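Each of the two complexes below includes chain A, the first together with chain B, the second together with chain C.
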Partner chain A sequence: MAVPTTSSGSGINSQRTRGGSSRSLRTDRIFRSGTLIAAGTAPVLIIAIGIALFIASKRSIVANGLGFFVGEKWKPNPPTAMMHVGNIFGALPFVYGTLLTSIIALALAVPLGVGSAIFLAEIAPRKLSAPLSFFVEMLAAVPSIVYGYWGLSYLCPILVGVEQWLTNNFGHIPCFATTIGTGTGQDFFAAGLVLTLMILPFITAVSRDVLQTVPVAQREAALGLGATRWEAIRTVVLRYASSGIIGAVMLGLGRALGETMAVTMVIGGSVTIGHLKNLATFSIFRSGYTMTSLLMDQYPSPNSNLHASALTQLALTLFLITVVVNAIARGLVWLTAMKAGGGSDNSAKLKSLIGAVIRYALLLVVFLVFLMQLSSDVKTRGVMGFLGGAEIIVYLMIALWVASRVVRRSKWQPQWRRMASAAGIAACAICTLVAVGALIGLLTYVVQHGMPALNAGFFHKPDPDNPDSGGMLHAVVGTAELVLMAAMVGIPTGILGGIYLSEFGNDRVGFVIRFFTDLLNGVPSIVLGIFAYALIVVTTTAYQGVAGGFALAIMMIPTVMRTTEELMRLVPDSLREGSLGLGATNARTVWKVVLPSARGGILTGALLAVARVSGETAPLIMVGCSSNLFHLDPRHALASLPVTIYVLRNAPSNLAIQQSWSAALVLVALVLVASLLARVISNRSIAATRSG
Partner chain B sequence: MRFSRAAIGAFAAAVAVSSGVGAHAISLSGAGSTFAQPFYKLWFAKYKQQTGISVDYQAIGSGAGINALKNKTVDFGASDAPLSDNDEKTMPFPVVHIPTAGGAVVMSYNLKGIGCGLRFTPHIIAEIYSGKITKWNDPQIEAVNFFKNLPDIPIQPVHRSDGSGTTYIFTSFLSKADSGWASTVGAGKSVNWPVGQGGPGNPGVVTKVQQTEGGFGYVELAYAIQHHLPYGSVENSAGNFVSPSIATTLNALQQYTAQLDKDVRTPTVDAPGVNSYPISGLTYILLYQHGGSHVGPTTQLWSWCLQPAQQQMVTTLNYVPLPPGLVKEDLAAIKTISGAQLASGG
Partner chain C sequence: MEQRTISMQPGEAVLSNTTSVQAAQVQAVEAKASLPRITVKNLNCYYGKTQAIQSVSLDILPNQVTALIGPSGCGKSTFLRTLNRMNDRVAGWRVEGSVMLDGADIYARSVDVVQLRCKVGMVFQRPNPFPMSIRDNILYGPRLHGERNQARLDEIVERTLTQAALWDEVKNSLNKSAFDLSGGQQQRLCIARVLAVEPEVILMDEPCSALDPNSTFRIEQLLAELESRFAIVIVTHNLQQAARVSERTAFFLKGELIECSDTADLFSNPRDKRTEDYVQGRFG
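So, the complex of A and B:
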């Protein structure tokens, strides 16, 4: 994972004062503007996406006005003589669904992820933490469609029972109340759980990187003052890394907001919103829609042009929300990097104030919920209601809290502190165990279900004479072709842009471009799909394959650009100076000296980008890139592994379902091998660059 | 930069391969209805055997099919819902509707120990999907099913989550047969469902009904039979409870032959006649009136599909062949397409 690089003096522009012939200056100018154009694709794309979505949603903006954002009715069919209301588009239920699922995901993934990060960075011995961190990082690349498919076939059936139990025991807490039994386990809760698993590797990996930037001196000082290991972590390390961790969490939130496939497959699909009049409507056991899953369901098949336009406006709304969230996240991560020695008194005061407000607000909510549960239990079960399931847990927690207050002032204090330290460390270890266990469970499930049909038949062409037999070769080849098309555009653009950022990007332009690149990295893939559809498929009335490749290429650019930049910054300036001193132009220096030294790292970035896009589903479906024939012509829709999984997930034939699991397995293997390669190459090349 | 040169070589080779392969072999492309997918697959497989022309058919939903046609990304769109007047106005070019076969949408359910044959009135179905009837032993359901022992469990209505022609047929039926439904929810490919969960495609609804005890959903007859889901009989406009089958659906379609001749888009739901199944519909393909990219092969394909042998094939999958009168109207419509070629033989 990328640790934010602070702008050092590296790059060529610090040595631009030397003279040279006019011809070499011209070459340099051309070189510089060439790389600038590549780097400039990020801001240009962000603006272009905004404009394209705005134009396509103009009809809806005019027709619905502000009602779009506050309306809670979604009635997509036009009014008739019998029915006077129709064509009403209110986005509130989908914003509600998106927020609710993201909150559930954050509430679970943040403690688990930060706990695991603490364990990996601070507690575990290196022999254990290195492979575990590696495993977690690789899982960040597993495609969302695989998470969704696992959720649909494994998690949801289990959740039916779990939800029933929670409703029976804690049904008076609004979020566990079921208004209408969904019975399939496909609801906000399921979507939140799947999202948790998806952002968990991400939050863990980034938080771990942030924790590792905390200077050793800080820990040693705390330990030297007599703090226990846990106290040092809690009071010094975590506090030091707090804004970086918040940044990591916000980046995770950005992912959760824009996630499409995993959510669509498990959320149930109905227009749902909570009402204050009836608190039970806030139940997380109701089926719903997020913004992304509604787009997935209705964007390919609108009732009318107005309906299509309203859906595009929803995509625009999602785009703006994620841009804001990612901007805040980037700001926070930068703040940590720039601070690099602790903030001022004022910011510390403000931070502790905010912390206190959040803490007391949470306490208040827990207290109110507890009262609600208690009163209803006493009503239904009499005095014995004091001993219900929720109550016991709360009493225990209160007892623990009181004990901590009392013991802290007694002679048992040292023992208590040792116990608390052990408990904190154990909690972090348990977090890691849960996180890694869940992820291993997922992989095992995919392997178990994917192996049976993963035979020679899987790699046959599909059989048009008997559509229910035949293989998946078309999907394998189609995926390869789509990724190849994306790579041909995305990798060169990314590398050139990365060159600009590392060699010329220490000024304000570089800062802006870097910022927009990070924003582009956070734009939901479904939005990119809608953009590519509007740009290519609508205007040319064909070229779905090209449009799919284009959407994937946009996704590759930020990853490649930022890795290239970071790896080129690692190349020692002495190499550049040597080359320039021998009279080479800037262009020649970069091309012949810097780039070859950073080659391994650039390959890493390219592989990571390939891993990321080869599992992408939503943009391909948005541009209509879905086929069941074997062909290689990108002017038509191409088949691909992820879309095939989505189409076959509840196919009527057994073979099709088995093959869709095999497709998931192949996809996971592909992605994991690509990340593994990336990792190996990057380790080797960083070592080589540093020693060279 | 040794690796980059090798990589560029690989790219170039791949481009050469992809452009070379794409050039030959005609293949037609279509997209849309999942309702019709099973027998289209059968037809296209046989057509490939006979002519060598393959058809890439994507069952992505009727609405998506129309959208693909509008964007001219396919040779034909397939939809269970004809274009509305408004849709036709916004189409950038004129299109021709060709009904290709009929089918029934059945009310399927998942109740322990109860097989096929529960009875539903249009009003009961509308009330269930409005959230007004919530239990299986509701007095209104018991009144028409006095011979069955209905359990005291909640009804879990399931509907399509994606925009679809099946939803259009189903909601058109409710709008025609129940005034309450017509004035609140109405008809469309996607509507604002008052209650219930969504499932993607016919298979998605089948899966959800199968997974949920007390589940209730509308699916294509063929899918219900294929997945052994029980389904009920529905009261028609003559007041009879009719079970869905090829014969009862054909009855319903025949009632509408005359109206279809005037306007091929007439909804065929809630047909008159003692023995007509009321939730019957046609599935259409949409062709360009002028200037599609493969007019000849496409019209040949579809006139071949209308031949009696092919029409008879659909019954093996529990779909309904077109009444002979309607086939004649179809062929006449295909002839109006500029550049049309009809298939020989039959």
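So, the complex of A and C:
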């Protein structure tokens, strides 16, 4: 099949001899530098974002100095104030909020996600694991605004009761001591839970991929030495994959740190920080702010220039943190891949040390918590306090631990190990059940609430004179226009950059570009929005639509670039050599032979990118791209589905609420269909390139 | 062969007065030794609908090396993996017939496959050390089975590495990553790791196919030393290797056992025409 294509290519170039004419050399040079420029957008953008944010936050850096990072108060003067005096900008509470919510999310999502990944990669039969993995991967693409909206209207009301119960029963443990009863369930804990659900599919999918790179020989060696199935997983497979799993967790952390919409909608919004003087202030049942949710609340309408600059400095801080976290994460994932290639691993000692430190730290925490619980129970109930519910659970756990020590030396050891193996496997299955169950629950809720208003009225233009009459056509069309604008810039750039990486990117330049592309992929979308705002809206005082499209385009580039690269690499070299051997230029070979063979892959990348950006909310709000009118002019703010959901979340009108759920449903459907198509196409094209 | 089966301390017989008891013991050992360790009867195996093994019956005798030879895809590796149930992991895998280890069916319901694999150890085609230190690789099995005594663990490391002819090369670097060893050393480490579980039978699936000639030579020497204590089954592509290391050889073709006899016999006057064609290099 390749022969006719290549021969038509060589037909034009056939007069050429070995050295090639200067024209073909020039073509190749132009081709190479052209693709290099596209690929170079990633490092250029990263640096440009850093510089732009730095310039915009200079005023705050000068005014606040280091106090910005240690200050606990955030009190911008009201807009009417004439002087800068009195402004207080301390970012510590927001750093605290971001860290606290991320820790909650990681503490829940890591065991659930890694457990599910183990189940999917190691335990479940293929017939079960394939569809489940696919489902989990698709959920990674569900827009954060949908998670947030679900959290706000379903989760938070439930949490009110749960938190009350926890406070009543475990209130003397600082993290459960409610000091400020919000009564809405909107607090750090809610934000942590929603974040958990958001990063869970991500951690699961990446960890599963990592586990699948562990050679079968490793498992068989362990089993051959008499390990039970669970022992083989725990002691060998997980150990082998540990760097990669830590990398996956770090990537999840990067997401959690930069997540905006889901958190903003459920965190309550107040400047909150814990004080060591009063441990109860560390309660996770307090409303607060993360860095991103503060930006979401205050950046669109700052009180003063200094306030805006301080907010930008916060964005800069967030940008730097996520870049560092993602850089470490990528490094770790690469380390595993290299080890799988046969490199050596001398970090074993360090790893076991870190493992021991973590284990003992956890034990210490559990012990302290137990002491607090015990002391308060004894205080209230005397000797009977030793027999409280929590105490008995701890006694049982200690008994179990002692029993395991004893039984492991007795003749019951084989039975014990078999039981432990079954228990481990069951735990992983339960993790999967919980993760998949929660995610199915979320989807069901969206469908249930979105269906009723998904009728002809939904696709009407809104009536400016009668806002209660509903109509979402402006948002549907606006989303389409924004995504189209983004695609027109992002997809060609991404494809050209992907061509560079796959065809010329095996050197140091390619390595650097690939690294920066991954970093760009991890930059929080809200930061990109602020960048686009500073670059376009501030300088032109208009073009909010264009700025929104631009921010989305930046988000598309890394996705398209890396997918294009990966799928072009699957095109066998023999095809390239066949074309080059007939005297075709590099450029012609790529255009006529490689690209057509990788067509499916490129389409996949484009679809994934569309899926990723069409639900994006934060950058659009940052650039001020929000409207309730139907129009197509990108020089002004355009409406979009996700922003409309956010705006309508507390709307008084019943119809508006219903239609905002329909908007969420439309978004989810759009994203899922795009991911589904992407998967089908990529499977087919991979099969095609493999078979010939 | 008989001499080899009597494994006793050399000085013991001389010092002992009660020679009749000794003789009885020797006879008992001999009787036990001549009993097959593993008896396979009428084995049929299936991967889904394809039959990989067709009614194979074969005895594995203790204290000697049995070689399985045959062209690629003849079922010799599959057969080897049925002996410690390593194929249980494969979806669609099914076994008919019986495999008896010391008189007990290993496919019986009550069998704990973990205990079975402690008795029947396995060395794989490519060296597959764990991502741990050399020491931890050796101690992986003993620790799983509950050994915590530091002195005994040290003793196991030294004994097995010595048995595997690796001790002198690594005794000063036991805490180094096993990945830092050469391919041949890694394979000897994997053998030592199996020895640490104290199996009765050792299965080897083309253990030298990924190694250079020098490493291969060392592994073969090692086999000669180990066979006095274990029943060893080795799958090999290399006919010369089979001739060098084994007492008995079984020839497989298309999932069937064509012929099994003393190695010398099988190579010099094969009973079956197909065996003759194969050992003379006409196919495969």
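Here is the rule we use: the second predicted complex is superposed on the first by the 657 of 692 C-alpha atoms of A that agree within 3 Å, B and C clash if a C-alpha of one lies under 4 Å from a C-alpha of the other, contacts with A are read in each partner's own complex, and residues count from 1 in each chain.
Keep in mind that, in the parts below, a contact is a pair of C-beta atoms (placed from the backbone, for glycine too) under 8 Å apart; a residue touches a chain by one contact, two chains touch by 3 or more.
Nothing here was measured: the structure is a model prediction, and the numbers come from that model.
Novice: Taking the superposition on A as described, I'd like to know which of chain B and chain C A:S287 touches: first, second, both or neither.
Specialist: Once the two structures are laid over each other on A, A:S287 reaches chain B alone.
Novice: Check whether A:E577 is in contact with chain B, with chain C, with both or with neither, and answer first, second, both or neither.
Specialist: Neither chain B nor chain C is touched by A:E577.
Novice: So, does A:V236 touch the first partner chain B, the second partner chain C, both, or neither?
Specialist: A:V236: touches chain C, not chain B.
Novice: Please indicate which partner A:E391 is in contact with in the superposed arrangement: first for chain B, second for chain C, both, or neither.
Specialist: Neither partner.
Novice: Would you mind checking which one, chain B or chain C, touches more residues on chain A?
Specialist: Higher number of touched chain A residues: B.
Novice: Taking the superposition as given, does A:E72 touch the first partner, chain B, the second, chain C, both, or neither?
Specialist: neither
Novice: How about chain C: which of its residues touch chain A in the complex?
Specialist: 84, 86, 89, 91, 112, 114-115, 117-118, 121-122, 124, 126, 128, 130-133, 140-141, 144-146, 148, 175-177, 179-180, 190, 193-194, 197
Novice: Across the complex, what residues on chain B touch chain A?
Specialist: Residue list for chain B touching chain A: 1, 3, 11, 14, 17-19, 21-22, 27, 29, 31, 41, 44-45, 48-49, 54, 56-68, 71-73, 84, 86-87, 90, 154, 156, 161-164, 175, 179, 182-193, 195-201, 203-204, 206-208, 211-215, 223, 226-227.
Novice: Touching residues of chain A toward chain C in the complex: what are they?
Specialist: On the chain A side, the touching residues are 125-126, 215, 217-228, 231, 235-236, 239-240, 339, 342-346, 348-349, 408-409, 413-414, 417-418.
Novice: Of all residues in chain A, which touch chain B in the complex?
Specialist: 73-80, 82-84, 86, 88, 157, 180-184, 186, 268-271, 287, 297-298, 300-305, 307-308, 464-467, 481, 484, 488, 537-538, 541-542, 544, 591, 595-596, 599, 603, 624, 626-629, 631-637, 647, 650-652
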